[in-house]
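Read the structure below first, then the notes.
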Amino acid sequence: MTATLGGVTDSSSKTRVDGRDLDQMRPVSIKRSWLSQAEGSVLVTFGRTTVLCNASVTEGVPRWRKGSGLGWVTAEYEMLPRATNDRSPRESRKGKIGGRTHEISRLVGRSLRAVVDYKALGENTIVLDCDVLQADGGTRTASITGGYVALWDAIAWLRERGSLAGEPLTGSVQAISAGLVGGVPMLDLAYEEDSRADTDMNIVMSGDGDFVEIQGTAEGAPFNRDLLGQLLDLGTKGCAELKAAQQEALKVEL
Amino acid sequence: MTATLGGVTDSSSKTRVDGRDLDQMRPVSIKRSWLSQAEGSVLVTFGRTTVLCNASVTEGVPRWRKGSGLGWVTAEYEMLPRATNDRSPRESRKGKIGGRTHEISRLVGRSLRAVVDYKALGENTIVLDCDVLQADGGTRTASITGGYVALWDAIAWLRERGSLAGEPLTGSVQAISAGLVGGVPMLDLAYEEDSRADTDMNIVMSGDGDFVEIQGTAEGAPFNRDLLGQLLDLGTKGCAELKAAQQEALKVEL
Amino acid sequence: MTATLGGVTDSSSKTRVDGRDLDQMRPVSIKRSWLSQAEGSVLVTFGRTTVLCNASVTEGVPRWRKGSGLGWVTAEYEMLPRATNDRSPRESRKGKIGGRTHEISRLVGRSLRAVVDYKALGENTIVLDCDVLQADGGTRTASITGGYVALWDAIAWLRERGSLAGEPLTGSVQAISAGLVGGVPMLDLAYEEDSRADTDMNIVMSGDGDFVEIQGTAEGAPFNRDLLGQLLDLGTKGCAELKAAQQEALKVEL
Amino acid sequence: MTATLGGVTDSSSKTRVDGRDLDQMRPVSIKRSWLSQAEGSVLVTFGRTTVLCNASVTEGVPRWRKGSGLGWVTAEYEMLPRATNDRSPRESRKGKIGGRTHEISRLVGRSLRAVVDYKALGENTIVLDCDVLQADGGTRTASITGGYVALWDAIAWLRERGSLAGEPLTGSVQAISAGLVGGVPMLDLAYEEDSRADTDMNIVMSGDGDFVEIQGTAEGAPFNRDLLGQLLDLGTKGCAELKAAQQEALKVEL
Amino acid sequence: MTATLGGVTDSSSKTRVDGRDLDQMRPVSIKRSWLSQAEGSVLVTFGRTTVLCNASVTEGVPRWRKGSGLGWVTAEYEMLPRATNDRSPRESRKGKIGGRTHEISRLVGRSLRAVVDYKALGENTIVLDCDVLQADGGTRTASITGGYVALWDAIAWLRERGSLAGEPLTGSVQAISAGLVGGVPMLDLAYEEDSRADTDMNIVMSGDGDFVEIQGTAEGAPFNRDLLGQLLDLGTKGCAELKAAQQEALKVEL
Amino acid sequence: MTATLGGVTDSSSKTRVDGRDLDQMRPVSIKRSWLSQAEGSVLVTFGRTTVLCNASVTEGVPRWRKGSGLGWVTAEYEMLPRATNDRSPRESRKGKIGGRTHEISRLVGRSLRAVVDYKALGENTIVLDCDVLQADGGTRTASITGGYVALWDAIAWLRERGSLAGEPLTGSVQAISAGLVGGVPMLDLAYEEDSRADTDMNIVMSGDGDFVEIQGTAEGAPFNRDLLGQLLDLGTKGCAELKAAQQEALKVEL
């Protein structure tokens, strides 16, 4: 009944903090129209990780793109000060954005742009704000997964107004983490697991099962090609499940 | 059945956008333990206005207070970029906190400190983060009202751990806005009303019915003492109702 | 000979540091054309508190107001590093404006705008720089009171050049502080009194005796409606005296 | 004589701008002691890409690590304003570090830390400054590859002074890019190729042939597992050659 | 009666805007104790140029000097926004200090330190704030000249309290500008002259007639050694007069 | 054979750290086209001091100069973090440019502009980036001297493209330091000498032997006119030698 991952692991010997199987994701929820003002507003949770993804439509595009006939999609990720277990100072008060915030904002933006046809979007801009209300590992993958749904709603909003030049979404996108903890590959790391992981991998996939982005980091010992394969297997499984969750939320076939 | 305000207004001729009586507040909800990591975590709504108030406890106090035996309470207020109807740029990206953010952060901090006995708090610091998820007028008053409940929970958390030197809360605190719109005094202005108001007033009161802070601004014509009195009457009524809502949420007599 | 404030206080039992009566302001001086380059340049003193108020005229208005036919008035308040008893670091060196600076800049701007008819001003901008050379309490009220006179001179400068579309000043504006020190209401607090005050109130009034802005803060115990009334009485008296001082400086009836 | 990559490509049909084979790197040079003041100073070139890698030793560690007996290694990457074909404004003048600078600084630091035994390093800190003097693609991989040699020299400097608690280097590290350009996998992309790439991958490997970090991004169409495999093959080949170049520069077996 | 400068110029053919002789300074005034809170507070004017020089004493020295037994003197120069003929934005609002501000702050600090014996000062710090209230050329030279007097008063303040380890002032310091306007050397340039000058020179001298700092810049054509000599002659004359003005203000022989 | 400086010094008693004569410069090298992308790219060394001077041409001029028909030349100076013997934090990370960086950037820009005819340059901008790779005293003088050569190459680049309106260079410019160390005047101070100098002077000259800028600072005792003369003699000698080095690099008569 439980998945076997390349034969390496055995679900009967559960090793995870919260009793999950090695290839089991935390409960996922995706609530649309969570707030009423943004064109797309999604509250996504992966376990205790809670991210508010708001998609804002503005007519027009940044200056460097004007007159091109092409649209633009970008993302900004940030954590509320008490998203984490200990309070962190606000970046607005420090007067600068930290490296991690920059890095994840760029990842989320790239991942969503991978499924957008700028021409079909017309000269419209969609900004995705992913604000982490609570963080327990996987905030960037939740942001991408929930962000896609908010993007979908924002595009629907544009469609209703007849402001599109075609169908901008060329596919769907999902993201999940996998990692090696104590040498054992496992899916969707919670914070406690993530902080002990030897290798931490974020896998962003298209709904067709191809890779949009993979980022794997050996925090401890370097990893070999075989383990890489197992992590990618886990990620593929997780992304398929997330696609199903997105479909259920959107009530469409992606 | 509806309140009459000094006889000036008549509830039968409703003038408000959303059909409310002149002295009627929007529906208020106060959800405790909304997130699981902060010592106090309250989601407060005044109509569509939605503020997440997280209270974080840290042992110790800022340097300038060390060794005094006294605790400290402070607050930081911020709006998510898409809290408003149009998206605003993040202050963290702009690299500076705006004047309005500063002003409200200071107001919230002062208001809560008005009911705190630093000595009883011991050398502990409580930081209140009020992050506006959605803004439709009254974000500062919601922050104070919800912030008080989060502060209450954070203090309860300290009490359970035996970390208090006494009972730090000397009372409760509530806040509400009132204003003159088209010359007519009304309670708890929504954004659309606020933007048309001649005079805008924020009233912070203690549970005993005294004033902790009043800020009244004539956006249009200056106001006289009589109208000031009517606005204070409205504020007093609103704060009493908010105290009841806090009591219901906390299940205690304040 | 000395004023009695609602019968509560008795001038025979003076309690103030500098021997003033409870309802007595410090000596006020308003010097026009103190510097020679600004269109309006006023050095105002309330006792030892010394503020240089320069009004600068520029043709045109901020971008968001262009083509509206309306003018604009704004203010910036700042303290020199050694305005205070101990030297404070410069905000320019810290790279950010503090909350207090922001808050007071906004208050001064709002207060002056309350008596300006933008249409009559035409598409001109007046910036009021209030730089505190020495601070001994009441710097914001001195800034508003002196700032009005500088604004008056800047408007006269525009009038001489035929650059106005009408008469922009719809009235005059004055400001004074009042507070409860040791439970006793008193007018125009000096720094030493201010730092001991239970309640501190800033009252901005129009020359007609109406309120432009009131800000009252209970630093210690919350205050009731009766005490509020006494503070407003004191403020009304003070503002009337300041209006007289403005009239004397301007040699006009306001 | 030329490599065949999984049989997919044929070196006889060269498609690269500069006439290189698909699996051929640009000429690499690694000059040690390029400057005389830093403990490790390496000028590394990958074709026209030129990076100055300076390793600075300081006694002691950051505050959060004091007393742990562990050392620390960190990196800062930056481009000179005219490293690129068009001049970019300095980040120091803009007053903030851009997202790309942050991201690469973090990557370089993580990659080098992967082969450092903090305990053996003792409470010493090594900062690696990677300043790109000229950029033509692959600046981050050149930074890691050259940075390792500078780190090696800095550690030798510590060893000579008897300041080590053991041998801190647990292995070597190399990095190279590979990508899909027009659907064709190729190694070590120059800027012109990189800007046309569908998929861009940075591969950081240990001298043992395991992965330290992989980052693959589909700029255009998502990529499948087979193409991923081919890119990893290319990267493995490139890193082996870079290890040889490091060995030649250091005159040691890594 | 008027000075002849090396025979080159003839005072009968006055060429200066304000009718001054070529070697004539503008009227200088030095008012001590202009404000009451700073240990030294001097309002200095060179014609319309008006600078407030406040010297602040703090016990102790910056961290890098602690335990050395040596004192420290530093200076910060800034212009109020409307010091100039057109208003300039505040550096505090821009979030950064401009190059000119930095440059002059450093010059003033160096010039004053040239006559200070740190050992005699003991571990005390004196900060000189030179805030330009009105600028009409020569603000840096007025800052140094007036700043010396404020420094003198601050040291007297320390002497009275018995906080000195000796006599810290090893001499006096004065500063004046000279320049070539239309090829003609002249002393103490006003703004209008300065903006037309070919060469602009700032000369800082000790009371003994030696040079503390000279900065000469050819804004137009480079200048030769002979003209340099004439400018230094002018500067020497000007500094002697400023020394007399300082002596008169201080009522001591410098 | 060795120079005698006004008879004061005797080369037989060499006092310099590195065995140089008092009037002897360190070896100078000027390499053109050091990098391949910038229009002018010069690596200049004065002994161990190493500066990369890149001149970047952009069509057009800053906004305030548009339509004037005049070009613009500006410079930015910065030190790499490990240019110095101890690593300094990056200004980009600190979020602000230091005073020294500002001061030298401005000096380099002014010095180069002194030999530029803006009209002949046409509406083109040349930015000179002087990045100090290694600092051992004299970084600003090396920047000016090498910067001139880079500027020359950038202008040649414009000339080839027919983008000039005439010949923009009205002459050449060189710069060298001189100073009093232990009371003895010497040329081209290395860092170790500079840090012990009583007086430090930077002399910028035109190829015709006139002064473009002189900045002399008494770090210790003030200096008299005779010593000033000797320092200027040294500077004149040094600049003549630097002109020869520039001529050799450019293979033209300047």
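To keep things simple, chains are lettered A, B, C, D, E and F as they appear, and every chain counts its residues starting from 1.
Following the convention adopted for this analysis, contacts are C-beta pairs under 8 Å (C-beta built on N, C-alpha and C of every residue); 3 or more make two chains touch, one makes a residue touch a chain.
Since the structure is predicted, the reported quantities are computational estimates derived from the model, not experimental observations.
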Checklist outcome for this item: Chains adjacent to subunit B and to subunit F under the stated definition are none
Checklist entry - If every chain is reduced to the average of its C-alpha atoms, which one ends up farthest from subunit A? => result E
Checklist entry - Expressed in ° and rounded to a multiple of 5, what is the rotation angle of the C-alpha superposition of subunit B on subunit D? => result 120
Checklist outcome for this item: Per the C-alpha centroid definition, the whole-Å distance linking subunit D and subunit F comes out as 34
Next on the checklist: On a C-alpha centroid basis, what's the spacing between subunit A and subunit C, in Å?
Outcome noted: 52
Next on the checklist: Can you compute the centre-to-centre distance for subunit C and subunit D, using the mean CA position of each chain? Integer Å is fine.
Outcome noted: 61
Checklist entry - Out of subunit C, which residues touch more than one other chain, so two or more? => result 95-97
Checklist entry - If you start at subunit B and step next to subunit C, which chains follow, in turn, all the way round the ring? => result B, C, E, F, D, A
Checklist entry - In their complex, what parts of subunit A are in touch with subunit B? => result 35-38, 41, 48, 50, 52, 54, 56, 58, 76, 78, 80-87, 90-93, 95-97, 101, 127, 129, 131, 133-134
Checklist outcome for this item: Residue positions on subunit E within touch of subunit F in the complex are 96-100, 102-103, 105-106, 110, 114, 171, 205-206, 208-218, 221-225, 228, 232
